[in-house]
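Each of the two complexes below includes chain A, the first together with chain B, the second together with chain C.
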Partner chain A sequence: MSAKTIDLTLKVWRQKGQNSEGSFKEYPAKGVSVHASFLEMLDQVNEALISQGQDPIAFDHDCREGICGSCGFMISGNAHGPIKSTTVCQLHMRNFENGEVLTLEPWRATAFPVIKDLMVDRSAFDRIITAGGYISVNTGNAPDGNCLPIPKPDADEAFASAACIGCGACVASCKNASAALFTSAKISHLALLPQGQIEKEKRTIKMVEKMDSEGFGACTSTGACEASCPKDISLTNIARMNREFLKAALCEKPEHHHGEG
Partner chain B sequence: MVAFTGTTVGRKYLMGVSGLIWAGFVFVHMCGNMLILISPQAYNAYGHAIVSNKPLLIASELILIFALATHIVSAIALTRQNRSAKGIAPVRAPNGAKSTGLASRTMAAQGALVLVFIISHLVVFKFGNYYETTVDGVVMRDLSKVIFEVFQSCQPVAWYAFCLVLLGFHLSHGFGSIFQSLGMLHPAYQPKIRIASLVYGFVVSVGFLSQPIYVFLSQS
Partner chain C sequence: MMRQVALGTVELQTRREMLDLVVVDGKARGIITRNLLTGEIEAHEADAVVVCTGGYSNVFYLSTNAMACAVTAAWKAHKKGAFFANPCFTQIHPTCIPVHGENQSKLTLMSESLRNDGRVWVPKEKGDKRPPQDIPENERDYYLERVYPSFGNLAPRDVASRQAKYRVDEGRGVGETGMAVYLDFRDSIKRLGADKIEERYGNLFEMYAKIAGEDPYKTPMRMYPAPHYTMGGLWVDYNLMSTIPGLFVAGEANFSDHGANRLGASALMQGLADGYFVLPYTLGDYLAKTKLDKVSIEADPFKAAINQVNGDITKLMSIKGTRTVESFHKELGRIMWEYCGMARNEKGLLKALELIPKLREEFWTNVRVPGEANYLNPELEKAGRVADFLELGELMCRDALERKESCGGHFRTSTKLQTMKLKGTMKNSAILPLGSGMDQVKLKLGTKKNSNLKTLNSQLAVINRGLYVS
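Take a look at the complex of A and B:
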């Protein structure tokens, strides 16, 4: 392995807390190995900051292998940085040039308030899921994997939608901060499978309404989300959400409450 | 039924359906106007046939006005919602491999300009100078005379060129978007819709543009 290193300048959004004002501050990142991941590079910068008695840059992360959806911030306008189909934890420094100046800022969306620096509160996503992203199942032992026949193309499509890791890059890259790609991936994944049919209408309506009430914007089909999504979630999911929503709105049955009428 | 049109998805349906009505109208309008390239008489006769069919004319005008109003009201509601949803915009728009089309990012601004164009266009032509002519013994409005009058100088031609390119730009994104908004995208034909939308926007733009340019050149 070569020992190639690069020097960068980082302009980082620093914000103490949700209600404080934020601003950009400049930090040098010197002698960065091109084999390091972006987060490892930030770890090095933070070590230097800590040793100087300064507050390290806060950013979210967990698995660091592109599967948990914890990490993510904007790198010079791009969610998760310049490389497609990649989370920022899987982004390597070999993708940057020596001497580059990078602007790091948190996901920008009213529904994702900044917790600190590059860290945002994405619990709005959790609330969209809680609104309807579940299915009814029989209790008891786990059913046999093949007891429900599912055509292979449907299984594949559902799986492609289920690949969404809830990172929020779609919202961050969208000029409208729309959560349509995320919500539609979750709706699609269940709508494509037999297990998801029971609550399908109710789920679609509830999740769309929740998406709106959390303060996300509307889709204007710019395609920024699809381009930034580390899991390549397709725009066709949004079309599916829209047609499921129309169907549900037209066919919704009134809700029955136990003990009434 | 839920408050369908109160949701972002419902409003996109309104945008899509009203946009589709106008997209259809614009195309037919462009095709019909091509008659000016053939002869002023043919063009006048065509215009006369349209205005003589009162029930059809009034029904179409009402549908168009209603669709335009729906398009504008939904657009304003969505744009306001989208601005407040974004809050602070990032320092740069997505770029490089993740960049998006200029047309798709500036739809609201284009829409506002197109509205100005529609109004000015109606003032100049539909409600503009009134001349009469006789074609095959029938007295009718000489609309072609207005066209030749307007497009004899450079400025109106330039203004129309600007507006028609803008209109084509608006349609090149809008037409394809309609399919997504109305829930009609599928991996099998998604790329084809994108191409069809670009072609449609281009054809409308160039088709319309050919008319003032032809009229201008034929007089200079």
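Take a look at the complex of A and C:
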């Protein structure tokens, strides 16, 4: 295959475990096809490391098509790299110049402890969802498709919020390590649909409280999250979350426990 | 599910991999997992086990599946006695972004809906390297429209995939590698306007532009088939229970719903049906009707399973050979793609059955797994999965060899026409039993009338018309 290739130098954060010291190490990435993805470039570097008896660089990944949210790290200060609306698994090497030096670092946030090298623990996001990111109905017979008409613009807006893949780039790009963009996307997605109305107040309060207690910082509306989000989640979600939270806090009723099922 | 997690009825065990099934007194009573962060081997006892671990397209190395998709859970259950049905029924999807080179790690699917408005073509001349826009209309071969006038670009998946392969094999493939065909939107854009096309396929066009580095509004997409779905899997009865009582299998991991060739959009439907409408009833029924003694993870079958898992891991770590796990996986993938892919024949399958055991032997004597077993170790995870693919691959080839007839995704090129009892009227190619492997003989049959040919399975062709969802 006669594909064009480039040579790069990588400065990669190596850290054995959560409680170990980390440091940058330099690796050459030579003869990288410009058609390869960034993760394929790392595969190539890892194959060479393994052959030389060295420890390969650990990074999270699964779908490699921008839909699962597993991948993500900083490339020279940019979450998921320099190209807008793109996860690192969908970032292609044609976007880099021959001879470039790239610095690879894991997401940095108290709520995302490093597991190894470029891998972090994002289970704090799972716990925010567990706090209320769902609709409490048990599955029974499928309802008729047209029994709950939803205007197209509402459906589109809910869909745009639902596009969040939970990658954590928003947290990593925020100087306060705030999870406001993620949490607001999840709250908005349900708040925009009729099915989400019933538990709206309770859900908003619980998810926001969980977000705060997981150690994410406060949102100061600098917008770095929106700029780095691979799924173009909009800041208007945060405004909606704040509005919903205020409304919910004002009319919060004491909770009744009927035992949920 | 997260609501149930909050309610305490479901406990998530994330970053764990099932490495064995535990059978006690003939019933599935637990599993063994490896904690992927700490390497700890953990035993879990249960009243019943439900395996929903997806398909095994990654046996081909390159597929549209996610990287962690593996046959391991299903394979371990098979080794514990669960029957494996139709392993060779695999689906090769026609519209994927083609391979760019040796370092390619996975293939990206472009939704099949693109074929609603895109026209598939290759140059008429072999080795025509002109850019597509410089190739005049009369020098293009819109081969699906030519070969299947009434299906046109909407021919069923397996048919469209094989046709693409024939064109590439004829030396008429396009792009840098010659391993692709064009999917061209020029005419639809002319007819409907770029806006309409953007409304329909905007996100797909964007994705393609990102990966391929070309603008599909201006130049045709390049496409090539890729392994995408596996119809085969663990055998289950109507209650989704395998041949091991208490072991249930749902989703792509079972063999149940799709016969020899899955139709578009039906995999997610199956997942919903299995999970929402079948298992909640059949699992409860099993538990209600079955007397289950108490089991403990201290019992012998658990200890034996743990020993087996630990033994395999120690073995993999101690080989310290010279070849990476990835290189074995790639080689297996090439064998499977070449001899057990879109078209299969006896000679090729016999060859694969020679190559795979040799490769497996080399794997177990020369693989290099770096790092430590009791720590996060993605290479060790991969090694275990590839070891199982090396066994599954052989089973797939044996199954494919055994099935002398063509059937859905399983296409035997050596199948003789006379063995298929065909009769009736063949007015044109479009009434051929697409999906039953007859597309290759189409040109010979062409316009024969009242011959002794009959559609082998005309329903299949009709069903196949309804597949253009994804």
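Here is the rule we go by: the second predicted complex is superposed on the first by the 253 of 261 C-alpha atoms of A that agree within 3 Å, B and C clash if a C-alpha of one lies under 4 Å from a C-alpha of the other, contacts with A are read in each partner's own complex, and residues count from 1 in each chain.
The definition used in the following text is that a contact is a pair of C-beta atoms (placed from the backbone, for glycine too) under 8 Å apart; a residue touches a chain by one contact, two chains touch by 3 or more.
Not measured: the values here are computed from a predicted model.
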After the chain A overlay, clash or fit between chain B and chain C?
fit
Should A:96 be classified as contacting the first partner (chain B), the second (chain C), both, or neither?
neither
Of the partners chain B and chain C, which touch A:126 in the superposed model: first, second, both, neither?
second
Just chain B (first), just chain C (second), both, or neither: which does A:182 touch?
neither
Rounded to the nearest 10 degrees, the Cα-centre angle chain B-chain A-chain C in the superposed arrangement comes to 160
Does chain B (first) or chain C (second) touch A:221, or do both, or does neither?
first
Quick one: is A:245 in contact with chain B, with chain C, with both, or with neither? Answer first, second, both or neither.
first
Is A:111 touching the first partner chain B, the second partner chain C, both, or neither of them?
first
Would you sort A:136 into first (chain B), second (chain C), both or neither based on which partner it touches?
second
In whole Å, what is the nearest CA distance you get between chain B and chain C after the fit?
16
Taking the contacts chain A makes with chain B in one complex and with chain C in the other, which residues are shared?
83
Write out the stretch or stretches of chain A touching chain C in their complex.
1-3, 17, 32-33, 35-37, 39-41, 43-44, 47, 49-51, 53-56, 58, 61-66, 68, 83, 86, 90, 92, 94, 115-116, 119, 123, 126, 129-134, 136, 139, 260
Complex contact set, residues of chain B against chain A
1-2, 4, 7-13, 78, 81-82, 84-101, 104-105, 107, 173, 176-177, 179-187, 190
Over in the complex, which chain A residues touch chain B? Could you list them?
74, 76-79, 82-84, 103, 105, 108-111, 172-178, 180, 205, 208-209, 211-212, 215-224, 227-228, 234-236, 238-246, 249-250, 252
The chain C residues in contact with chain A across the complex are 2-3, 5-7, 12, 14, 37, 66-68, 100-106, 108-109, 176-177, 207, 210-211, 213, 276, 322, 324, 326-327, 368, 370-371, 375-376, 378-379
